[in-house]
Every structure is written in structure tokens, then in C-alpha cells.
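You will see chain A twice below: alongside chain B first, and alongside chain C after that.
Then we have the complex of A and B:
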């Protein structure tokens, strides 16, 4: 009963965006931006956020044109049955690969920080099991889960940032554009951000389940901006504390930032383990979104509504992808490759859909 | 096990009505009284408490009364049934009475001053009535029967609820008798909108279940769904509200209670006023409250009686206690065996020097102690009250003191276990506390294997499960997720009463507004207008 009431609200949508965007990549993001843009990283982040904003606006626009359809649904309507389905398969495959690689990334971070002697598979299996048992739930439950974890994710992050102020040095972040900036490198650095955060695509699966899909723009954009702001502050603080040269020596600058914190009273001597827990929450919500796209996507594509079966079947595939890279370097190569050539174009994809839909005069049912 | 297939509910079997007497279908009441008496006595001939009494109405028409003596008030039968039937004061009365076309009707209308009476003709109905403590009067020449409610039951007095004690607040608790329980509710809710609908379930026990709600507040769909789920129950017995609870909950496989139970009428009324439905079961001193969300399980009725700051702090403490009972022992394992760097060095040294002689790893030590604690708890409940106190002293002394001095466990472990156990006793709701206490064990094992990650993953499993739970369509973590600003005022904090202007919106009450304004006018100072100097 009460099916009608289990609708996603705008507030929940923005929380979904926030917790999906803040995830695994938060630990390593700074490093990759700095790699390209040097001390210009904060500014590059800002540019990257704006680029990503265009992507999410496009996505919401398509969603509003087809308020009862997910991306799988309107792909078929706009692009025709065969080509649209091909695109859907492509999107699902992309997220299967991403889910695998990001699970690996999380497991590497866990291994590198708290579980150095445990086989990496344990962490991977634990996370995949967690996603598997949750991803077949209803869309409302999906929204509740995101909503619940966001404060648990944000509060520790903000805590780090407040404590990190003590060690921030202004000269680390100047000049704002980086030393000897070249347009190409700067843009490359800026593009890292939408590469890492393109996962907000999940809203395309949620919009049709909203109470008021036509008003989803507000929730999506606000969520995006808040998440963007947090990521911007994290990048800026990390660069300000360590400086671009030092960051290049670290894999997970944000984690090291957390390790530097000292709690005033002598209750806990180090709180990075606790921060890591809240980061695990962030990882879980992000991976859950991927899993959600995979399970819901496959089920809608094949009109086969056994969510449990699909989420059980998807688990081993994601696991195999997760253990595929030989080491952490390989893994990052793969991640950068996949996100650059698959996730980035997805930012433009909604606009392409909009144009085609306008030409073919396709509209969602009222 | 097939994970993805939900079991389909088997189609309800139609129970043929009147199964008890299926071999006596041909038995019908006739106009002949002697035959009727034989028929009825045959059914109960082996029962010692079945009584039949033949007499003459106003000295002429033969009649007979049947009842089960263990269920009826004999004095009532003598005084209010047999006495008025056997003698009428005046001769005139008598002739008019016997001259009446339908004697039974006029007996019911003119002679018997009895509040509950009816005329039935069905054989099944008559048997049913006898079995429910009613007295059946058969009159010669009529195949109908006069049924008079003479039911009485030994019942205990209203006492203070054992499981929900309060320092401040009413001392009344529900008892086993349904009628008394309904009266306790009605006494507090003297409004015509209060409904107590009766449903009979249990093929053999025929237990009366009352669905109580306020017509102008509770959501229609909710009430319908509650009645539907209760009607759907197909079982031979309902011996307590606990049976109903298990049949109507949304997710029977979850460790968490999705239906709240209470022994307190004030709490039940409070919930009815919020738009919830209360289910009373005959024979059970517990009322069920649906829908129930997680928040309710660490709240008490007393929270609303003391000042809001104190109540809020106390609720917060209870919440912390709940978290303690769930995570404290596994956190201890994690810190000691995986992340000693988390705590300051001095503390770590103290903790490990205490463990110097202990032969097990921390996880085994904690697990053993927790199991011992659970055994103690269970033993204390089952022991007779006089022995129970002694047992707990023995338990604490032996398990705690002696185990430490024997080098079996470290003193710090004992402290941790004690904290986690006491934490679970601070939870007002026994069934929620026990859920958390049992979930503690998987967490202990997980954190013993993979440390902090195991603890985090285990907690997420639990939280995700709780977030996916619904109780009659209401998400279990309301008002936290989904967020509900009004609801948070009465969750882990308890806002001032005058802030509660709306009923919880997740219950979709018909009348959302409790009151427009809690205090009509602000307080005035009665002494302010007095002139000084004059007295």
C-alpha cells in the first residue's frame, strides 16, 4: 500500500547527487588535477565544476522532456529502438566497468591505510556484497539511503577542512592560474573533475520516480553545486596545505590531510581511521548509485523485472573487473582512460539527445 | 535458497463454517422442547460444567435454560432470568403474556430486564452463544431460542505495567480482558469518533481482536490495511498479541520489530491521537501500535511529562546507550587488535598490560564474555523473582571478579561488556533492545576478522536494512530519512509541547493540525496589578 507516497522529493534528489558525486575519487582527485594544472588546481576545479554543471543541466532538460522515462527509456524513443538500445547497453557497460574500477580504487585505499595485510579481495567482496544486497530495493529506499548517509559523509569532511586551516599556506595556491600555464594542460586538469563526477548520470534513473519531475532542475543543480563547492574546498585546502610539489608524491592527499589532524583532547590520538569510515560511507553511496544504474538499467532494457537476480548476477562481473588491474598504477590508467573516453562524452550526450528529439519531434507522454 | 523470488502467498483455504458440528448438520431445533434438550445435552454430555435447568414460565409453559456454569454469573441467572420468568405478579399479566402471539418476543420485550438479549434460530449460533458464556432459554413450542449474555470472567485488577515502568505518569496498565482494555481507552478518549471495531480470528480460539482508532484522524487506507491484514490471518490460535504482531508485520524476516507493543493505556491513546491504529487482543495485556517507526522504540510515555530539555537529553542518552549496546564491544576489538594507533599510547599500554595473561585473542575473549552475559540475562528472566536477585549477584561476582583474577579475561574487557550490556537495558522497548543485542554478535565477528572495515560494513548492512524497512507503508527511519521537519521535533529530541502543532505527516492523518495554538494567551503576572503598600 501507499505506493503513491513512496516518491522521491527534490531534497532527496539533491542529496542523491551530493552523495553520488562525493565518493571514491575524493581521495585522489586533487592529485590528478594538480598533475595537470599545478598550483592552478583550485581554479581548474572551478572551471571543471562549470563544465560538469552544463552536463547535469542537459541531463535534467532531457529528463523533463520525458518525465516518465529513464535514460534507458528515452534513448529508445529518441534514437529509435536498435540504436537507442545500443546506447543504453553502452551506458550500462560503462557503469559496470566504472563500478569495478572504483571498487578496486577503494580497496587499494583501504589496503594502503588500514588493512595492509589482508588480501585486497576481502575489501572488494565486502563492498560488492553490500551493494548487491541493497541495489534491488525500491527507488524510494535508494533515496532514503543516500539521504541518511550524506550527513555522515559531510560532517567528517568539514571537520578535516576546519582543522586543516591551521596548516594552510597562502603561497601554495598562488599563482591562481599555475606556473607558466598552458591552455591545454589547464583544460586537461579542469576536465579531471567532470571525469570523476560524471556519475551524476544516476539522476536520469531517478527523475521518473520523483513526486514532481518537472521541478527536478532545482534539486539536481543545488545538489551539484553543494557537492562541487565541497570538492572545490577540499582541493583548495589540500593544495594550500601541501603545495603542488608535495601532492605529486601522494596517492591519497585527502587521507593524509585527515591524518594530520590532532584532536584537542586526548581521547583519540589519530582520527584518520574514523575519517576513513565516513569515506567508506561515501564510497558505498557512490557505488550503490553505479549498481543502481546497472541493475535498473539492465532490467528496463530487457524488460525483465527481477532486480534481485540481476544484482546477484552483476556482482561476479564487477568483482572480476575489480581484480583485473595488476596494481594501483594500472588501475588509475584504466580509470583515466575509461572516464576520459566514455564518461566525458556523456556530458554532451544529453544535448545531442535534446537536438535529435527536437528534430524528430519526440516528447514524453503527458 | 532462491534469493530473488518472493514466496507467493498460497491461496486462502476456505474454511467451511461450523466445522465443530459437521457431523450434526441434520440436528435442527424443533418445536418439541424435550427433543431440543436432548440435542443440546448430547453435545456437552461429557462436560462437567455444562448445566441445563428446566422450569415453567409463569407456572405453565415448559422451558429450559442452558449455560456453561464456569463461564456465567449464576447469581445473575437466578435473579434476572429464572426469577422473572417463573413468577409474574398479577394474574392479568399472566394471561396477556401467554395470550401473546409470540411468547419469546414478549418475554424479551416485556418481562426480562436484561441489557443484552436476542432471539436466534440457528443451531450453530446457539452452540456458539453457550460457548461464549451466554445463557440460552428454549421455550416449548418454539424453535427459536432466547439468548442472554451472562458471561463473567475471573480477572485480575488493573496494576502497574511491569515492562514499562515510569517514575512519573499514570500507573494503570492493560489487563487480559478486552472489554476492560477498551474501557481504559474510552475513558481517556470520550469522543464519538473513537472506534473499537471487533474482528474474530483463530479457527479454534476465536479470539476477539479490537481495532481502535479515531475516525476523524486515522487515515482510511491505513485502517483498511490493518483490518485486511488481520482478516487475512489464517491460524488455529491467537494466544497473545504477539501472534497478531508476527502475522501483520511487513517484513517477517527482519530482526527489528515493526509493530510496537505497549502495556500502557496512556501511550496507546497518545498514539491513537497521532493517527496510529491500536490493536487490542482479548487475553493479552499488550496493545499493538501500528505503524511503528524506529524512533518510537527508544521513547517512553514519560518523555512527554517532564520538561523538554531533560526529556531531550534523556532521549539522547538512550540513543547513545542503544549505539553502545550495538557497537561498543566490536569497537573495542577493532581498536585493540587492528588500530592501536587510534587511542593514546598510555591507554593502549594499560589495555594491553591488563590482557597480559589472557590466553585468547580479543575477539574470542569478547565473544565468550558476551555469550556468558546473554546466558546470565536469560537465566535472570526465567528464574523465580526471589532467586533472580541472588543469581545476578553470583553472576556478576563469578563471571566478573573471578574470571579476571583467574586470568581468563582482562579487566577492561569486563568493563566494556558491562557497558554494552547495560546500554541495551537502557532501551525502553524490550524487543528493539534484543534485536540490537543479537546484531552485536555478527558485528563482533566481522570486526574480529577485518577490523574497522568489518565494523563499518556491518553497520552499513544494518542501516541499509533498516532504511529499506516499512511499517504499514511508513519508512522505518522517518522522520530522519525521509526527512520531515515536523517529525524531528519528536524524535531523538523532544521539543516543547507547544511546538507540536501538527500530527506526524507520514501517517497521513485526516486532520493534520493538532491545535492552532497551544496556549491561548501567554502567562500573565497576577501580582503585577497590585499596588504596593496596600495589602
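Then we have the complex of A and C:
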């Protein structure tokens, strides 16, 4: 690892967090929250964001304890060689599966909304090729790519939300707890958030390449809060415009929100195209982060630093996972299953590491 | 070598060739009209999606007749060279076919055309009153599912045959659907129609505690549309129509709108007629629960202007005050009669139910739960209106 060249600043770290968190799930997220929480979705989103915040803080705390190590590195130090490596393999496998499924989700949305006759494999391959050719770059390049795309993702999304304001109805977002509220349903709705956004784990691979890893808390938390705020606004606006009943009839409420919008004076008549383009950027940056974890993770785990080779080898595996689900319904089943039982527990994992590290008195040198 | 492989790969994967349809290979549908297909029409059914008489039993009787207005770029001259003044009959192609469902009819239509049907430019979907009264749920499904249909298009109800609307040929525009949809868009700007385009209509259709409305139109002289007010629904079935002035009042009660309608007023014991036009209308819906029963009060604040006075010439401050009072009385009367009518039909187009559902959630969850039950409660409910009209100016005349 050429650490002299790879110096990531705090600002770049927060941009990485933002563009990783805003991704494929942006289009469908609202539906899954509404499914559990009804009109309480905005509040459930807030609660979910707070839950996720705990996860990212934990991650940064471990990272600060081992400022020169990635998650793969300190897994081994804290948990011992065999068990630590097992956990690393598990994390890498999880992200391979997630990368596959989310690529598929992206392709389904593209197929369902614009390219209806293009074979779905083509959209998948195009995205995987793109990630493959960018993921073996240095950490600095990785950070630059994220830095470059964030404005392109955020500005169109925010613009659309501004124009959607006209159609928002207060009675769609109240009562704030949803109808016939039950704690279980509400928490399930809130947990959709960390399920969709747990991918901020990528910072555990970036922190050791930072200029000042000890100050990474600020960048990570700010990035998380900004991304969380945007997702909160998206969910709230979507629910305010559509109401819970209508959202439950759609796959991609955010996309349809884009289709509803009329810009005053009608300069542009189909805003959803702009939304889709910026969403594709968001998908790319998210999948790039997954790929980055996969490639860097495997290389570090097997101490085999041929990033190019690994990213080429990983591509067919991700592709196979992507085409595995039979249809869109199975795909969402798998995604919910994987994120619920694998990604969600990862939120508490950093705290477990911290406790074990404290007990075993392990610390990063320097 | 390496680069050339990448370029070839890019060509294949990023061009999206599979969905490439040149503009002249597309049959752009601009307007669709849906009528009930009579038995007579069904005799010529093309039977594309199924063999003769094999449409699933129990569903074959709800047949529809679809009329589509198609523009074929490059095939039909749209520009000025098409011969100015010919009107829209020659510049677009209006086709008619039948089917058991909307998709069935669309499949039949596609079977007759060389170009691929494309719904991305649909401006209006006209349904006949009969279809609207039968229920629109089944008709909407196809359009909701299709990724091509814009949610900013219009759905309108025509009293007679829906296809008459598409056959109307305005002399000023080449394609009638475009003129008709402009008529509707501008009517919203003038405050003559609520902003209830397709997407909004679908939202109100599926939301609990609010019933949707659609613009109601009538073809005049076979070349233009008269906006006849709005058609109101109970769930997905049309119940009736309200007149333009009533729709102005309705819009003012439902949400903030520019007031588009004028109302002729007279004063007791005075000569003359005054045309009072609302400029902005802003409602406030106050809900209350009393003895476990909801009641509502709609307060509407209206700014108005006097646009004309006939046979009076005495418009001064004291008169204005009198006029305001009279107008308030009149508006209150129209509004409460309208509410009464809607209540007896069980059609809650104001969204009072939705507001109660939002404000008194536990009441709704305990006692209401469904739209059907809400319609019953709504019928019994006490809804009062209270207008506050403020005449702000009288144009350029001070007399």
C-alpha cells in the first residue's frame, strides 16, 4: 500500500459517506418504511437515522483505536487470527451479495421505467463493468470520484423536492405515529433505514488512508447527518404528496414523484429523466463503494495486492448473484432478508469489537 | 488492442439498442378516448389476444371501445407545409377499436399499425360518462402500470361519446389533443378547474377519506371544448356533475386557488347588477369532535373585485360593504347547497375524511376504518361554511 499518496481529507470522507448512503434504495425506500409505519414514515425515518448514527459512531471509534488498520486488519488483531479472518470473510461475502442484489435492483428499475426491451443482463453488465474498471484505483482516486459526483446527485434531487411542495398535503403525513400504531411495526419501519444505509461501513476501509484519522469522527458524522437529512426529506415529501395508500401501490415512489412534477412555465415536461440520471450517478457511487470493500478487503485478507486481478475476478461472481433472483418480487425478498439478518447486525458489531479490544487490551500502534 | 475491446464493449452495452425506436417508427398517441363498446361494436372485435369467444368468463362483458389520436411524425405533415387552415382532421389519424379490457383493445390497435404505439405523449384520456359511472378502477390499471404514461396528463369526462372529443377539430392547432390539453392547463391557471390531473386524481382515488374529481367537458360546434364543471366521484364511480360556478366554490373550499369565476349580484331595493369576481380563495377547515361525532367548519377567505356593473353607477364605499355582505350570503348559500348535495351522494371531495383521519387517528381507527363507513358518517355529519369576502378593488372606474 502506497500510503504516501493516499491522503483523504475529512471533507472527502463525508462526501464518501453521503454518496455511498444515497444509492439504489432511494427509489424504493419509502415504500418499505410505509409498509410498516404508514403515515408515521417520516418519524420512523428519523428514528432509523438515529439508530444508524449509533452504528457509524461505533465504527469510527474502532477506527480511531486502530488508526492504521482497516476493518480487515483490526478484525484479526482484536478477535484473533482465525476468528477475525472468519468475520472478514463474512463481511466481504455480505458485500458481494449486496453488490449483486443492488445491481439487480438498479437494473430492474431501469428496465421497468425506461429501457423496457433491453435485456436486464445488459444493464447489469454495464454497471458491473463500470465499477470493475474504477474500483482498483487508489484510495485518493476513489475519494475524488465520490467528491465529484455528490453535487450531481444532490442538486437535481433537491430541486425536484422543491417543486413537489405544491402537491404536498398535510393530512398525508399525520398522525406522526401512523394508524393503529404498534411499537413493533414502528421499529420495523425505522429499521428499514439502517438496513438500507448500513453501507457506510465503507469508511472502515478509508479511515487508515486519511490525513488525520483521529479527526475522522467529524467527517463521518457530518456526512451521515447530511445524507440522513436528504433521505428524511425525500421520504417526507413522497409521503406528503402520495399518502400511505397510494405509495403501497408502487415499486418506486420517488421515481413517480419525479413524474408528477410540473415545473412552472413548463420549460421541461419530463423531470423524471433528470431524476433518473442523478439517481444512476448515486447508484454508481454506492456500488463503487461496495466494490471497493470487496476488492480491498480480499486483497488485504489474502495479502495479495493485485487489485486489478481481484476486481476482474469479482465481476462474474457479482453478475451471477445479480441474475439469480427469478423476478423482481424474489429480488426484494432477498434484499430485505440479507439486509435484515446480515447488514443490520453489523451496526452493533463495532461495539462488540470495542468491548473485546478493551478486554484483551488491544490497541493500534502509533 | 485493449482499448478497442473496451470501445466495442461500450458500443454494445451503453447504447441501449434494444429500445431504439426512431421517431418515425413510433405511433405517438396524443389522446385516447374510452367508451363503452355496444354489442354491435363487439361484432367486429379483432380477437388478437384470445381466440373468438375465449376471453375469461365473467370479465368479457365490460368491453371498451378505444379511440386513439395518433400523430405519425414524418408520415403526416405537421408543419405549415401541410396546408394551412386545414385544421386538425388531416394532420393526425384517429383510429377506433374495441376490446374486453383497455390492454386488450390496445393490443388490437397495435395489430393494425406498422409503428410501435407509444404512450409517452398522451395529453388527454377522455372517458365517457357511462364508463365513469361504471367505475374507472379497471381502466386506470393499464395506465398506472405503463411506464410511458405521464402523470401530468389529463383525464376528463365527456357527457356524450368520449370519441367526439378527439374528433373535435380546432382550426387553430394542427393536433386537437394538444389544443384540448392546453384548454385544460390554462383553465387551471385561470382558476376554473382544480389541479386534478391524472397523477393527482390517482392519489385522491386511492387515499382514504377523499374522493376524486375530474374535469367534465362538452364538445361545442365540433371544434372546441366547453368546460362544464367537474364530475365528482364516490370512490371509483362517478356520481354526478357540478356546474362551473359551483366548481369555483368547491375549489375555494378545498384548497388555495385563484378564483376564476364571477358571480352576478344584485342588491335589495337597488337597481343594477354587479359582476363580482373572486381573485384569490383561501380555505381553512376546522374540525371538531363532539360527543364522539365529528363536525367541520369551512372558513373561506376570498378577495374579490367588481368587474362590471350594469344599470347602477353608484359604487362607493357603503355600497361595497353592502355588496360584500350580499355576496357572502350568496356564496354561503351556493356552498351549503353544494355540500348538502355532495353529502346526500356520499362523495367527500373536500377531503374532510382524510383530515379527520389525520387529526383524530384513534377515532378513525376505532369507528371508521374504511371508505364505506366514512361515507355513512359523512352523510350525517354537520358541515358549516362561512365565507369572508373582501372586495379589494373595482377596476379603473370610480363610480
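Definition applied: the second predicted complex is superposed on the first by the 355 of 366 C-alpha atoms of A that agree within 3 Å, B and C clash if a C-alpha of one lies under 4 Å from a C-alpha of the other, contacts with A are read in each partner's own complex, and residues count from 1 in each chain.
Following the convention adopted for this analysis, contacts are C-beta pairs under 8 Å (C-beta built on N, C-alpha and C of every residue); 3 or more make two chains touch, one makes a residue touch a chain.
Because the structure is a prediction, the values reported are computed rather than measured.
A.B. asks: Once the structures are superposed on A, label A:246 by its partner contacts, choosing first (chain B), second (chain C), both or neither.
C.D. replies: After superposition on chain A, A:246 lies in contact with chain C alone.
A.B. asks: Applying the document's definition of touch, where does A:270 land relative to chain B and chain C: first, second, both, or neither?
C.D. replies: Once the two structures are laid over each other on A, A:270 reaches both partners.
A.B. asks: In the overlaid three-chain picture, which partner chain does A:170 touch, first (chain B) or second (chain C), both, or neither?
C.D. replies: second
A.B. asks: Would you sort A:122 into first (chain B), second (chain C), both or neither based on which partner it touches?
C.D. replies: In the superposition, A:122 touches chain B and chain C alike.
A.B. asks: Quick one: is A:114 in contact with chain B, with chain C, with both, or with neither? Answer first, second, both or neither.
C.D. replies: In the superposition, A:114 touches chain B and chain C alike.
A.B. asks: Identify the partner contact of A:9: answer first if only chain B is touched, second if only chain C is, both if each is, neither if none is.
C.D. replies: First partner only, chain B.
A.B. asks: Need the overlap of the two footprints on chain A, from chain B and from chain C, as residue ranges.
C.D. replies: 114-115, 118, 122, 126, 269-270
A.B. asks: Can you list the residues on chain A that touch chain B in the complex?
C.D. replies: 1-2, 5-6, 9, 11-12, 110, 114-115, 118, 122-123, 126-127, 130, 133-134, 136-138, 140-141, 143-145, 147-148, 266-271, 273-274, 276-277, 280-281, 284, 306-309, 312
A.B. asks: Where on chain A does chain C make contact in their complex?
C.D. replies: Against chain C, chain A makes touches at 39, 112-119, 122, 125-126, 129, 167, 169-175, 177, 179-180, 241-243, 245-246, 249, 256, 259-262, 269-270.
A.B. asks: Across the complex, what residues on chain C touch chain A?
C.D. replies: Of all residues in chain C, those touching chain A are 9, 12-14, 16-19, 144, 147, 150-152, 195, 199-200, 202-203, 206-209, 351, 354-355, 357-359, 361, 364-365.
A.B. asks: State the interface residues of chain B toward chain A in the complex, per the touch definition above.
C.D. replies: 3-5, 221, 225, 338-339, 341-345, 450-457, 460-461, 463-464, 467-468, 472-475, 477, 480-483, 508
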